[in-house]
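Order as written gives the chain letters A, B, C, D, E and F; numbering starts at 1 within each chain.
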Amino acid sequence: MYAISLGDDGAELRPLEPWHAEEFLAHLERGREFIGQYIPFGSGATDVASARAALQKYADQRAADTGSLHGLWLDGKLVGGVLFLNFDAERGNCEVGCWLEPAAAGRGLVTRAARVLVDWAVEERGMHRVEWIAAAANEPSLNVARRLGMRREGVLRQSYPHRGVRHDLEVWAVLAEEWRGRQGA
Amino acid sequence: MYAISLGDDGAELRPLEPWHAEEFLAHLERGREFIGQYIPFGSGATDVASARAALQKYADQRAADTGSLHGLWLDGKLVGGVLFLNFDAERGNCEVGCWLEPAAAGRGLVTRAARVLVDWAVEERGMHRVEWIAAAANEPSLNVARRLGMRREGVLRQSYPHRGVRHDLEVWAVLAEEWRGRQGA
Amino acid sequence: MYAISLGDDGAELRPLEPWHAEEFLAHLERGREFIGQYIPFGSGATDVASARAALQKYADQRAADTGSLHGLWLDGKLVGGVLFLNFDAERGNCEVGCWLEPAAAGRGLVTRAARVLVDWAVEERGMHRVEWIAAAANEPSLNVARRLGMRREGVLRQSYPHRGVRHDLEVWAVLAEEWRGRQGA
Amino acid sequence: MYAISLGDDGAELRPLEPWHAEEFLAHLERGREFIGQYIPFGSGATDVASARAALQKYADQRAADTGSLHGLWLDGKLVGGVLFLNFDAERGNCEVGCWLEPAAAGRGLVTRAARVLVDWAVEERGMHRVEWIAAAANEPSLNVARRLGMRREGVLRQSYPHRGVRHDLEVWAVLAEEWRGRQGA
Amino acid sequence: MYAISLGDDGAELRPLEPWHAEEFLAHLERGREFIGQYIPFGSGATDVASARAALQKYADQRAADTGSLHGLWLDGKLVGGVLFLNFDAERGNCEVGCWLEPAAAGRGLVTRAARVLVDWAVEERGMHRVEWIAAAANEPSLNVARRLGMRREGVLRQSYPHRGVRHDLEVWAVLAEEWRGRQGA
Amino acid sequence: MYAISLGDDGAELRPLEPWHAEEFLAHLERGREFIGQYIPFGSGATDVASARAALQKYADQRAADTGSLHGLWLDGKLVGGVLFLNFDAERGNCEVGCWLEPAAAGRGLVTRAARVLVDWAVEERGMHRVEWIAAAANEPSLNVARRLGMRREGVLRQSYPHRGVRHDLEVWAVLAEEWRGRQGA
């Protein structure tokens, strides 16, 4: 029912929920190899039931106000999404993440969508600090953090085992006052 | 983050969630007497904690896909809302309900909002039948059912105890094919 | 341990509990096709484990005081039963339902048993209203409502999907004062 | 709804359930001092809410088939009861216990009721062994075990702290074949 | 991390936890037939997942302070263990049990380990009574109770079904004052 | 029952469990102001019940293998402790933390105890990476990380609200190969 237009190219952000299981699975099938390079997102969703279970996990987080999942639709097709993780309203901290199928890469979709999330977190929910964490080798993801005006705060060495390799994770973040200053600029 | 414009008067429909507890409580305080005439909606929400608990109940229903709560904002002020109850995607049945503080009555807000819900239920979620249930004496509510093109299917005698009186409940409903025919008209 | 005689033909009403799983399954096997014409009762009980699970669901409802299951034994053989559904002691409303294997039909067993349940609901538990809901085509079931002195209050159009068809559901009910008046007659 | 007559004096055995909370509390108030001599039964039930909570604990055990609570009614007044504890259908073992308000003592009520329970456990549920456990000083309770034809199997020294004293507990039991032999006698 | 030396032969007592699942399973495989003579301990642990599940059950008991599992390691190899069961700190009662693979029998390992447990129960946790329960035919186990200075309090006839036979269970126990007297001797 | 000696001064590391609630509370009372400078540890434990609840949280983590709490006893008095947090055996990552009452500071107790934990995590549990996270102003805590041979990997700006101020958090870590190299040195 709800949708946020992300620009003139028909891109939209919408809540991604358990009843989207079939659509979500079809999207994952198109993007599984690409998405799986650096993150395990959706790797456990291999049929409709497991896709629904994956979405349910996020629906439960939303109910608990600890996270939420938002799909990116391009011309009516689900092509990726952004999400809140480790959303801690009491402490004023949260993390934003993303995933994309390859056909939708290169259009700035994630940056546009993440901007909506960070803005809501800071302006509506009073978050003080928004993090972005990605593998050091995941340049496209780190570039989103850069475009959002975040600063790199550290590198957690060999902290992220994925496909048999322990990756370094970079932690980036933007503070509320930085976000507001930048938006006003 | 999400909002649906309901017209030129600034009315908007948005998800109403636990973090709105303070705003929800303030709204209930303005409308408690009016709202409580025919329904117990919000009657248990008398401070921020109980208001949050009331909203959490709906957040849990949303996670379970059995209901959801949507607030009506007029000029940035929460003035009422519409909700899905007994949402049963497998059987194709659901119920829509509403509440309003008195200052927002008489503008057709609920009808506009309920139309969005029924439309989404039928067109997006494949619901076959959408119900509206209200006390037989609650004319404003029954009028919404009429405006939505629903038909009265029965009267459940003395089925609804409220404030010491057992009220008759009217059951109204619209079927998917009726809804589509009407929208095309 | 407990049993209520329903007449001189040896018919008895007893609590039907998870430990009856094997007996319940054997009964369902005899009646599955007949019972399944209008209701899904027992359709998920296809072996002892699933039969026990079905009975457990009702045992849990009994513990929560929201329902209970009662078997009909004829000459020591389980042949059907009656049940409370949507038992809401606080609101004073409940629903009564039934099922029967074909060999036990035509003896008024369900009417006799349902009378015991309605009487207990009204006289012991203070229920104000007892409902009976059945598919409009399920004449034998609707006849029980008639014999119990209930009134038809409405028809929920196409509200009940069963075996590929959406059935109308009729809602019948008797109020406490009607029940008492009728019993005294 | 269900009741078992225990003789010509109007004594009846019925399921004792959470909705009996007020009646149960009134009974406890009459018997609290007497009942509390050797057992803590009902000691936590000091108002309607805690009485209901105490009964709910047994309702949950019944749903889990690990115990059940049965009240003794004399001339329509709840005066005590018998119960199954540690009911283990898989192992074929269970325990029977009792409590009574003083005005109902001396009539053999508990023995009559316990006989119904043991008989059901052995004949209907296939129990192999039924235990009775009581403080060594609780002569009235141990006499019930004697009358049921149980044998004393041991004394658990200082195993039962009650009102500041550690009591010895006697364990009595009857085996299925003993029970059947005795009943046939 | 924690370990208690049981003597000069390298025997050690350590917490036995879910992460030991593979080691626990290997040990059970060596001892399954021997252990299974009188007790079902570990009989459900037939692969790593079920071994972990079995250990988890005890980990949960430890968290609830109702039991705990302790492995016996001999020269770095898990060969058996002792455990607290029915640990009831409020009532001051608990039970101690054991199991052993055959290669480790005959060294007094269980007696040494059980002594540590009884001592901790009495001296650190204030237990008043520690029980040992074993099948009447399980001489090696009953001998541990004898060596610990326990007294036989009773025989629960045919109370323990195992491998198709109902065994008598002997109940032995030592009281805190007996334990202290004996230790001082 | 279990204890690890940390040196000749009588310092010992033991599991700290819910049954220590009174001892834990007394310790917190002695150290509350000092401990609370940089961390909220124990701040919710203000009577025996809440102290037990705080310890129970860690007991549950231990059962789930996601954390564990270990007390430091000096001459038989609980004076502080170390703990595992965010223990993720599957990913090979965990965090170690600490707290201390002031009278026990300056003896290297935490460093000694943390060494035991890191060593167990790396050698027994196969952890690849152990973290230490503390407020940038908490010099004593950061010095432990230094003494353990950890490296500072980043500073999470204003991420930790405590007593009205948002503190920077420093993330330090040691990798398994670094730990082993250092121990061999």
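The rule is simple: a contact is a pair of C-beta atoms (placed from the backbone, for glycine too) under 8 Å apart; a residue touches a chain by one contact, two chains touch by 3 or more.
Model, not experiment: these values are computed from the prediction.
Student: Listed by label, which chains are in contact with subunit C and with subunit E?
Tutor: D
Student: Centre to centre, by mean C-alpha position, how many angstrom separate subunit D and subunit E?
Tutor: That pair's centroid distance is 33 Å.
Student: Hunt down the residues of subunit F that sit against at least two other chains at once, touch-wise.
Tutor: Within subunit F, no residue touches at least two other chains.
Student: If each protein chain is taken as a node and each touching pair as an edge, is the resulting graph a line, ring, star, complete or other?
Tutor: Shape = ring; chains linked end to end, path closes on itself.
Student: Taking the touch rule as given, give the residues of subunit B at its contact with subunit C in the complex, in rising order.
Tutor: 91-93, 128-129, 131, 151, 153-161, 166, 171, 173, 175
Student: In the complex formed with subunit B, which residues of subunit A make contact?
Tutor: 1-4, 14-15, 17-19, 56, 59-60, 62-63, 65, 89, 116-117, 120, 124-125
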